[in-house]
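What follows is a group of structures, each given as structure tokens.
Paired with chain B in one complex and with chain C in the other, chain A is shared by the two complexes that follow.
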Partner chain A sequence: MQQENSVEKKLKERIRDVFDDFELVIGYSQSKIPLKVNPLFIQRKEEIDDLIFNNLCINNLATYSYFLSNELKGKIGIVLKPCDTRSITQLISEELLNKDRVKSIVVGCAGILDYKKIVKEIGGLKIISADIKDEHIRIDTIDENFTLKAKNFYADKCYTCNIYDNPPYYDEFIENDSKLNIEPRKEYEDLDEFEKLSLEEINSFWDLQFSNCIRCYACRNICPLEVCRDKCIAQLDVPHWQSQKINAVEGKFFQLIRAFHLAGRCTECGECERVCPANIQLLKLMKKINKDVLKLFNYRPGFNLDEKPPLLTFKNVEKNIKEEELI
Partner chain B sequence: MKTLTYIKKENLNTFLEKLNKNYDVFLPVQNKADGTINFESLDIVNDNNVINLKEKTRKSPKSLFFPPSENLFEFEYKKDIKKPDIMEIKLLESEKMIPDEINSRKKVIFGIKPCDTMAVKCLDLVFGEGEKKDPRYVMKRENTIIISIGCNNIFPDCFCTSVGGNPFYFDHSDLGLIDMGPNLVIFKSSERDDIRELLDKSHKFFEEREINSDEEIEIKKIISESEKKCSSNWESVNAEDIALDMERKFSEEEMWKNITRKCISCAACTYVCPACVCFNIGDEQTGMKGERYKCWDFCTNYYYTLEASGHNPREKIYQRYRNKINCKYNYFYKRNKNLYCVGCGRCIDVCPVGMDIREIVKHVRSLQK
Partner chain C sequence: MENILGTNKDINNKDINTNSRKTGIKIVAFLCNWCSYAGADAAGTSRLRQPEDIRIIRVPCSGRINPLFVLKAFTQGADGVLVSGCHPNDCHYSEGNFYARRRLEILKEFLPVIGIDKRRFSYQWVSASEGQKWQKVVINFVKRIREIQG
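== the complex of A and B ==
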């Protein structure tokens, strides 16, 4: 449980002011499970009281934008962190979202704690209660108590973030008095080790990762950009592209289709990796592909409303691809 | 209980290893690298992982009886060029047709929680009892001894007491143990022949003596404390009442829409649920040969009810989630007086968007009608 902070107060006030414009506002609310938060769907003004915003709000609420804007007729407001706005920008640039219907209420961010990292640090023990105070996380499990330094447990994306107080896209911006205060890392730094591996080693790494896939499709359904959830070729019967079996081969097949579907579109919010019940390192794959797209097409998803993703369009001549060298 | 039969915890590992010589022992094993706990064979326990009997497993033990996917049989089409109008189908006598369990040794599942044993009962009612039985399932079940350890520790997502169980519910286990500090005490033992055999074979690990009044009080205290703690997670609910409420409020579309808004209709909750029993059967064919397989399926999936015509009776997420909840608290209860939610709380733990089955049921019940 955390106390109401100043940004939370400002956020509530702002939403109260503009609430009449919206049919529905999506935000975060307290969860009964320690160190987690819930998405909150606000339809009545009094429900704004349940709204929270703190460093546990890891969910990317842009996930709901596409499906809700199709279901509802009115305007939808979504509380977003600056990094989450990339997903909205990407959806708008791909003409999947109408920017007049979905409004981004962006809150300045001071870093988001990664639940999986914390659980890993305490050896997978189940958390009975937890408390965050003064940059320290205090955790009780059955037999042991832990005190962790918060600055070591932010989500990976926070360490390379440079938009935490200047979101690239917003309709409303609420500044946060506390700022992100962690040692920055170089973008894609974590891929360096991985890229040194041989092709065989890379292959066996992914074979092992994907052999854990139970095909629950949580990664696909949580992704803000995978709007194809109910029309997925992995589940189609006619034509029957892929077997419904749950095993290593089918897991890999599904995951690779998914990865290429998002090539140069993924906004690296990390939701897929967060929700995976089998702990597959899905974001690593997406980052690798995005890094290649950046190199080849000089394109970074989620920053430009007018530019099309390179794999959804074509140019007669690509500056960075020497065709004669490919033959 | 006049006598106290127990095994010292310091002897537990030797006991399990000895047991593993005659049985295939499965128990909760924690992977040291990422901390996840799952039911694994004792054979794989090495430096990279450790036995953990205190915590809940991530995935449920149902895959030991009801695997994620299994081949049922293989087949081959035969065609004679002289008789082009006749196609012969032949079942292949392959090894895959015979489940591994026929020749294998008996299984022991050690350290399964009481809630998971209630879920095994749920599987029994579907696959192992009544007119139509799944012979593979029956074979696996008969070959398995279930040794359960009660829960001294209750987690925030536990609610077995609300759905008819309790942290020391041993009705569906062959042997029920209570953790009493240095010892594991046998609290309940079934009369099955194979349990007697198991206990006889390992009698030197078990000690027996008269119980004293202090110990009797301690056992009672452990049980009542756990029960109290668990029931504080959610009020006790009458199964009959829930079923009725579900029935009555089935057509409250607006309410269902509102309470399931955050659901993203993935299978995480269904695939970790110990009591979900849905499966699909499909054919995979290459050339003239193929196999028929059975694999898990989930009702929150769009394709689950998609009909050949293209019509989908459960097109929207709220309709599918409503079915899931009704299946657990209403349909199965009507059919065999057994709730298909055992209160293990795995779905709450694993849900990416924080859906809490307790909140949903509470919400449905609180709606005035």
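== the complex of A and C ==
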């Protein structure tokens, strides 16, 4: 068990103050598995004691907002990191969420540790207990003990984050005394590197990646912005977009469906990659479209409540689009 | 032969005379009903010669074209995909091709990242009266695909 930190205390106090307005508050709670957290759905006031907030809270709780706001009648409060508010902002700007019914309680963030990276580093051994102290992670497995430097194990999105203490949108903001302290990287650095590869290399990369895809649809179900679910065209009979065969071609095509559903909407929370049981690098596809959207239409999803997503609107003269002539 | 819509004078026979069964090239073309399909029709009625590697699918408007149509065609083994619609500002439904332009540009930039050559895809604006432009577009596009195919 970790000790209660100051931001956690502030968060609990704040939620206790405003709890009567809400029908449900979603937050994080301790998990029995070391280095993981669970989502917590608070309906009674005494459950607030279970609430936690630390640098393991990687889940994007905005995922629950759309479906729960349709099911429940009252107000919903959601504990969010600054990067997660982008998903909420995007949903509101697309009029999928009602601003008055879903309130975001944003907590300043000091970087989030990526469980998958840590497990990879220790070679997939089973973690019995773990402890995080002063930028160091101590991990005990059955045979070995590890001490890792935390700064190498933050989630990919943390390295390009510049909104950790100034979220673009919030209803309540709780400041965190500890701030994100890692070396920033250039945005889309890994993607630029990837795009330099030849087409053959890219093809074989994806073939290898998608040969592991089991079409569990976890990536779709965790995504805060993919609100299609029952109407997903991958599972329709008419028109029959996809067969139910499990192979690399179908797995890849499912991701293409996702990529174009999220075109100009993806807020790059990285949840799809986090939940993927086959460790497929899905976010590359969404990032590529986001990069182009930024270049062509100067639009970043999830930062502005009033701006329309670029593919839902148009201009008579597009300055940045250069059409090719075939004559 | 010469007529109001165009002429076969400058067309190189080498660019047209192929048997697609022999070369094995398959190109899917999505044409909007109001402009490009009529344009292709005009090219046909005025007997402008074109390569036969192209399979035309008629759609109501270029705005009807889901980028996934194109990706599905590539997945199913098409060697190239051509999309054509009315010129901007000339859409039968006033704004369909404006949406299409944004989507197709994004799609075009996206293709290399999944391992498809960008040059295998193109979108063009051909109006109902531009039979000759259609002929040139088809000839040049087919030529380009043949070059990539080797």
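In the analysis below, the second predicted complex is superposed on the first by the 323 of 327 C-alpha atoms of A that agree within 3 Å, B and C clash if a C-alpha of one lies under 4 Å from a C-alpha of the other, contacts with A are read in each partner's own complex, and residues count from 1 in each chain.
The rule is short, and it goes like this: a residue touches a chain if its C-beta (ideal position, glycine included) is under 8 Å from a C-beta of that chain, and two chains touch if they have at least 3 such contacts.
Note that this is a predicted model, so its numbers are computed, not measured.
In the superposed model, A:142 makes contact with chain B only, not with chain C.
In the superposed model, A:70 makes contact with neither chain B nor chain C. In the superposition on chain A, A:253 makes contact with chain C only, while chain B stays out of contact range. Within the superposed three-chain arrangement, the count of touched residues of chain A is higher for B, of the candidates chain B and chain C. Of the two partner chains placed by the overlay, only chain C lies in contact with A:241; chain B stays clear of it. Once the two complexes are laid over each other on the shared chain, residue contacts for A:6 go to neither chain B nor chain C. After overlaying the two complexes on the shared chain, residue contacts for A:298 are found with neither chain B nor chain C.
In the superposition on chain A, A:288 makes contact with chain C only, while chain B stays out of contact range. Here chain A touches chain C in the complex through residues 194-195, 199-200, 202-203, 205-206, 233, 241, 249, 252-253, 256-257, 259-260, 263-264, 284-285, 288-289, 292-293, 296-297, 310-311, 314-316, 318, 321, 323-324, 326-327, going by the rule given at the top. Chain B meets chain A in the complex at residues 30-32, 34-37, 54-56, 58-59, 68-69, 153, 155-157, 258, 261-262, 264-268, 270-272, 280, 282, 284, 293, 295-298, 301-303, 306, 348-350, 352-354, 356. Residues 31-34, 36-39, 41, 43, 59, 63-64, 68, 119-120, 122-126, 128-129, 142-143, 214-218, 220-222, 229-230, 235-237, 243-247, 271, 274-275, 277, 279 of chain A touch chain B in their complex.
Note for the complex: chain C touches chain A at residues 66-68, 71-72, 75, 88-89, 95, 98-99, 101-103, 105-107, 109-110, 112-117, 122-125, 133, 136-137, 140-141.
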